[in-house]
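Below are two complexes that have subunit A in common, paired first with subunit B and then with subunit C.
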Partner chain A sequence: MAIPVIWLGTSMTWYIIFMGPIDPATRLLSEGQVRNPAAYEAAQTQLGLNQPPLQHYVDWLSSLIVFDLGRTWLLYQGSSVNALIMDFLPRTLWLGFWSVLIAIFIGVPLGFYAGMRSNTVADYVASMGGIVWRAMPNFWLGIMLLAVLGSSQAIFGFSWEAIGPNLTSGISGNPDLSYMAGNPIAFFTNPNATLQAIKKVAPAAIVLGSASMGNEMRIGRTAVLEVKNQDYVELAKVKGVSDRALVYKHILRNALVPLVPIITSEAFLLIGGSVLVESVFGINGIGYLFFQAAIQGDLPLVGTLMYVFILMIVGINLIQDVLYTLIDPRVGLEGE
Partner chain B sequence: MSVNGSRVADAFTDGRTALWALVGLFLFLLEAGAVLNFVVSLTIDGLLAIPGVDAVGFLTAVENAVREIPTLLSRETIPNQGYFDGSGYEGTFLGLSPAMAWAFRATLVYLYAFAAFGWGVWGYRIYRREYRAADWTPRDDVFDRFRGHKWGIFGLVIVFMFVTMAVFAPALGPTTVDQNMRNSYGHEIDYWDSDSGSVETILVGDANLDSLSQGNDQNVEPWTYDDYGRFHPFGTMQDGSDLFTFLVVGSRISLVIGVLSVALSASIAATLALTSAYYKGRVDLSMVLVSDAVMAMPQLLLLIMLTTVLRESWINEVYSGGFLLALIFAFTGWTYMWRSIRGPALQISEREWIDAARSFGQRPTTIMRKHMLPYVTGYLLIYGSMTLGGAIISIAGLSYLGLGVAPPTPEWGRAVNLGQDYVRTGSWHISLIPGILITLVVTGFNALGDGIRDAIDPQSDSAGGETAGAGGGA
Partner chain C sequence: MSDTLLEVENLRTVFHTDKETIHAVDGVSFDVQRGETVGLVGESGSGKSVTARSVLGLVEEPGVIEEGSIEFCGDELVGGNWDEHRGDIAIVFQDPMNSLNPVYTVGNQIKEALRIHQGLRGQAATDAAIELLEDVGIPDAARRVSEYPHQFSGGMRQRAVIAIALACDPDLLVCDEPTTALDVTIQAQILELLDELQREEDLGVLFITHDMGVIEETTDRVNVMYAGEFVESAPVEELFDDPKHPYTKGLLASIPGRTAGGDRLPTIEGEVPTSTSEPTECRFAPRCPHAFDACDEVHPERIAVGDPDADHETACLLYDDEFEESPPEDGVVADGGETA
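Moving on to the complex of A and B:
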């Protein structure tokens, strides 16, 4: 199922970009160059647009399959797209990783807490907070968070820059991941740099994870509510299992099952949302690259990046299926 | 269902119904001018679009005549744009201060809207009690359950207020878009100059330049007057125009795009879900494939890609790009709704009455429309309400990035963008207020969706419908 989805998605992208109302070749050239037939011809040849469409389609697709992504036209003119993605992708992955993790570590416990104490004031406050939190637009939340952190000295009495690891270059911007280049173990051996990089993306990660956090909370709450009324929980209670064991062994474990698909399906939101969050926080990630390519008219790059996004999403979906079968053996791979 | 002549006569001899009709007539008369104006301008636009019809003179005469009909809730009846002439206010309603006059008009608009809503509910209840042949229908239970659903009612109130805001946008703002933004150098206002102690006249554009909100030294806060005696409920924007007017008019385009896109994607989703549920097998599989492929492209990125590619096409001219945006939303967003109704549709296609209808030789389209569609419309309503919230967030997100709705047209996301540089200064309101409004409206739509879901299907677990209002990550 994964292969046809990738093929179909990529074909749609190709169609939109190369068969759409805009001629990618003219978009790439400046005003003067468009009138210069030689330059226009050259651009067309380089893009392969003077070939018959089908030929062009096959060429384009096959070069994507072998990851021969070509060179950029306007953005970072002439640099290799492979190198560009390798440069930008880690920052997005870093941001995405922490936004998933922060969302899980805040959203799930809150949801479970609300579920365990359902219909109390704490539950209402938590649920209400989750609902409102989820309804906030990410870009706006980001702006507000930056404003609050930027003037945290005046609001909270301590400054965000001063607590914990020092941030040398402002509260937002690119996390410095270069220390890990070619040496992923540095994540553990160089804790100071790791903490700095985490603190740098933390606000962005919280914003990016806000929607998922709300969802996870809600699902976590209902899952606990459902499991709480199951017969086996009653039985365990009657058997005299201690409260603590009851909660951790019988309730939480089973309540985790419905959370898995939610967590992975948040990937859609994370990747889509990365465009806005990266522009607000000034992180040079792949979403930001996509946006720049789109507004500056580097349409071939847009298509290539879309292919990368499709690969990422399909990959995450595959992981989700595997995870799901591992956690809940009742679900077969052929499931539904 | 048909009400014949004698029942109509009965209705008017019955006191309560007559009272109800009278109240309705009264409410209509208050706004008759606005309604007629709307109808007339719509027909004029329609007629002018038809080539070969030359009736401009007559039509303008009609339009002007209609304009003359007094309307209760208009800027002319309750004006708030006056000036101080040293001893009192000139030109405002009853000589009130501009703030009070504006507040009075806004309150009246909302009172009117809620009265109209209440009138509708009242009419429905009279109909249900007195005129409907059946004492009880399943839909009654749905309404009753919804009435007891506080959270859903809350959502309904918020959504209703938002819709009122969009419908009455020109009457709600303290000033108009034309006077304050689009054509600010074509309008003049009078103001009280305290230095010279006399009333002076100034172009609106020049006045705007002196009421910018750009930080601590130059700022017009919410609920204050600027130097020219103009009242700003939400303060001014960075270019000196009125933020409230901007937002109120912006709510219109958000609502129109949102409703249009959700309606389109709901119809696409319903058609495809019914087809795949009816034919199953290969048809179903290929649709799963297509929807998976569309979903594999993150919605927001797809939106960005499509808006850039289609930016120069003719369709982008329609309604400041709003129509194109609605189309794009529909073609990227139907997958989520399709996923949600495919399951119920598949279940219904297994029922006996579908078999029965088939064996009677009914055509597939008839079966789908008559025997399957009514059972999934409830789900469409639920997911429609929830995706509307998401669509509003996405529209705002796109215009925050400078895509989508073309710049001079007010849009909420653009206000956030314009105020971004001043959030940490005294002019925090430009970004903060639109964001709060978006949050409120989206919460309202989600709550309404929750309420409708619990009303239609009380057994459903509230874990369903997780596609709710996340707006593709905007």
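Moving on to the complex of A and C:
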């Protein structure tokens, strides 16, 4: 299934960009140059638009497949798109990784806890908090968080910058990931740099993960409530299974099943959300790059980034299917 | 009749909701002897399952056991002492599709009980689990033991649930409509299996059903439940030969094939009421073909009726000497309810 989806997605992207109402060539040229036939012709040739559409389509698609992504036109003019993506993508992955982690490790346990203790004060506090948290739009939350952290000395009496690892370049901006380049094990071997990079990205990750966190909390709570009253849980209780084993063995694993698609579908949201959050926090990630490419009209770059996003989404879907088969034996791999 | 397993005395289980308090089980008393099968029969909503759940300690908020005692082998259970007797009372639920945890193998779930109650681990537990599956009549048990519940059919699952119950080495088995969700041929097999196991292990069984036919086949003693109360209790032959309460008569008359002729099957009009307050009247009166004035004003107490040796009781004013109305002639059964 993955291959046709990738093909269809990229084909639609190509159609919209190169066959759509916007002429990519004119976007590359300044006002004066558009009226210059020679310059216009040159731009068309550069983009390959003078070829027959089918030929252009096949060329474009085959170069994507071998990851020959060409060069940019407007943004960082003339630099290799491959290098650009390799430069920008790790920051987005770093941000996405921590925001998914925050959502999973705070949202899910909180939801499970609220479900186990349904209709108690703890449940009301957690549920209320989840709804409020979820209701805050992330661009607003991002600005607020930056403002509060920026003047944390005056508000809380201690400085955000002073606790933990020292940040040399202010509370927002790019996390420094260069220490891991070509050597991912440095994540563990160089804890100081890792902590610095985490602290740098933490506010952005909290903002990006907040909506998912609230969502996962609510779904987790409902899932636990549903499983808790199943006959098999009661049968296990009658069997004499201890309360602890009842929760961990019989309830939680079943409650995880409906959470898998929620968590993975939120990973999609992170791709969209990162465009906003990366802009607010000044992180040069792939979302920011996409945003810049779109508003400046670098359509070939937009198309290439679309291809990268499609690959990521299909990849996440594959991970979801694998997770399903691990958690729920009723889902078999043969049926796909 | 000295070996009493379970003794329930004046059990009252209520559910407190925002609007009202529902008296699901309202002053019920019965006991179960070792080797005996006691039936609980009644329509949907009469409180049968809540009685079973009360006995097992599965009543949860907003429900609460408000009054009464449940003694198991002489130990009082009400007040949260179920943990000490976990495994001594086992249950077979109505819906086998839902009784097994879908994410663990059947063997895993049997072994869990074996570990808790018989201290078996590893290969010994696996062997014991296979043996249990064979005992409950699952073919090819050695392979089946490592399969998941969704690979089992309904009847097989119910057998697996019974195997789990047996793994706990129980004294009392509560069967909450164990055959309702199964088709008739499987139903007969499961009933036969339960009967066999009961004799082998000398179990006490509390058998809950709405099927009078099943009651007649399986039980020694029957309690007829209506709106949270027992309206009639008797040994099974006595109840079927000489029913006293109009409700019991109605239930018996509505068994297909029992009444002669090709007429429409008699039914009992109406539904079981939800008891929201202490009764001041007979709860069956609105549906009763023999109700008279006093039925709306006096709550009937249980009185001995029928064969003096049979321990036959019913709660109906027709049999109370204080009131003038007398029971209808036998054979004139549920004459008000024959319009189906």
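What we mean here is this: the second predicted complex is superposed on the first by the 330 of 336 C-alpha atoms of A that agree within 3 Å, B and C clash if a C-alpha of one lies under 4 Å from a C-alpha of the other, contacts with A are read in each partner's own complex, and residues count from 1 in each chain.
Methods note: contacts are C-beta pairs under 8 Å (C-beta built on N, C-alpha and C of every residue); 3 or more make two chains touch, one makes a residue touch a chain.
Small disclaimer: the values here were computed from a predicted structure and weren't measured.
Once the two complexes are overlaid on the shared chain, A:F309 sits against subunit B while remaining clear of subunit C. Look at A:R117: by the touch rule set out above, it reaches neither subunit B nor subunit C.
Between subunit B and subunit C, B contacts the larger number of subunit A residues. Judged by the touch definition given at the top, the superposed model places A:A147 against subunit B, while subunit C stays out of reach. No residue of subunit A touches both subunit B in one complex and subunit C in the other.
Those residues of subunit B that touch subunit A in the complex are listed here as 289-290, 292-302, 304-306, 308-313, 389, 393, 396-397, 400-403, 413, 416, 420, 423-424, 428, 431-432, 434-435, 438-440, 442-443, 446-447, 461-463, 466, 468-474. The part of subunit A that touches subunit C in the complex is made up of residues 119, 230-241, 249-250, 253-254, 257, 327-330. Within the complex formed with subunit B, the residues of subunit A that make contact are 1, 4-6, 8-9, 12-13, 16-17, 20-22, 131-132, 134-141, 143-144, 146-147, 150-151, 208, 211, 215, 218-219, 222-223, 226, 258, 262, 268-276, 279, 287, 290-291, 294-295, 297, 299, 302, 306, 309-310, 313-314, 317.
Taken together, the subunit C residues at the contact with subunit A in this complex read 56, 58, 61, 83, 86-87, 89-91, 93, 95, 98-105, 109, 112-113, 116-117, 148, 150, 161, 164, 167-168.
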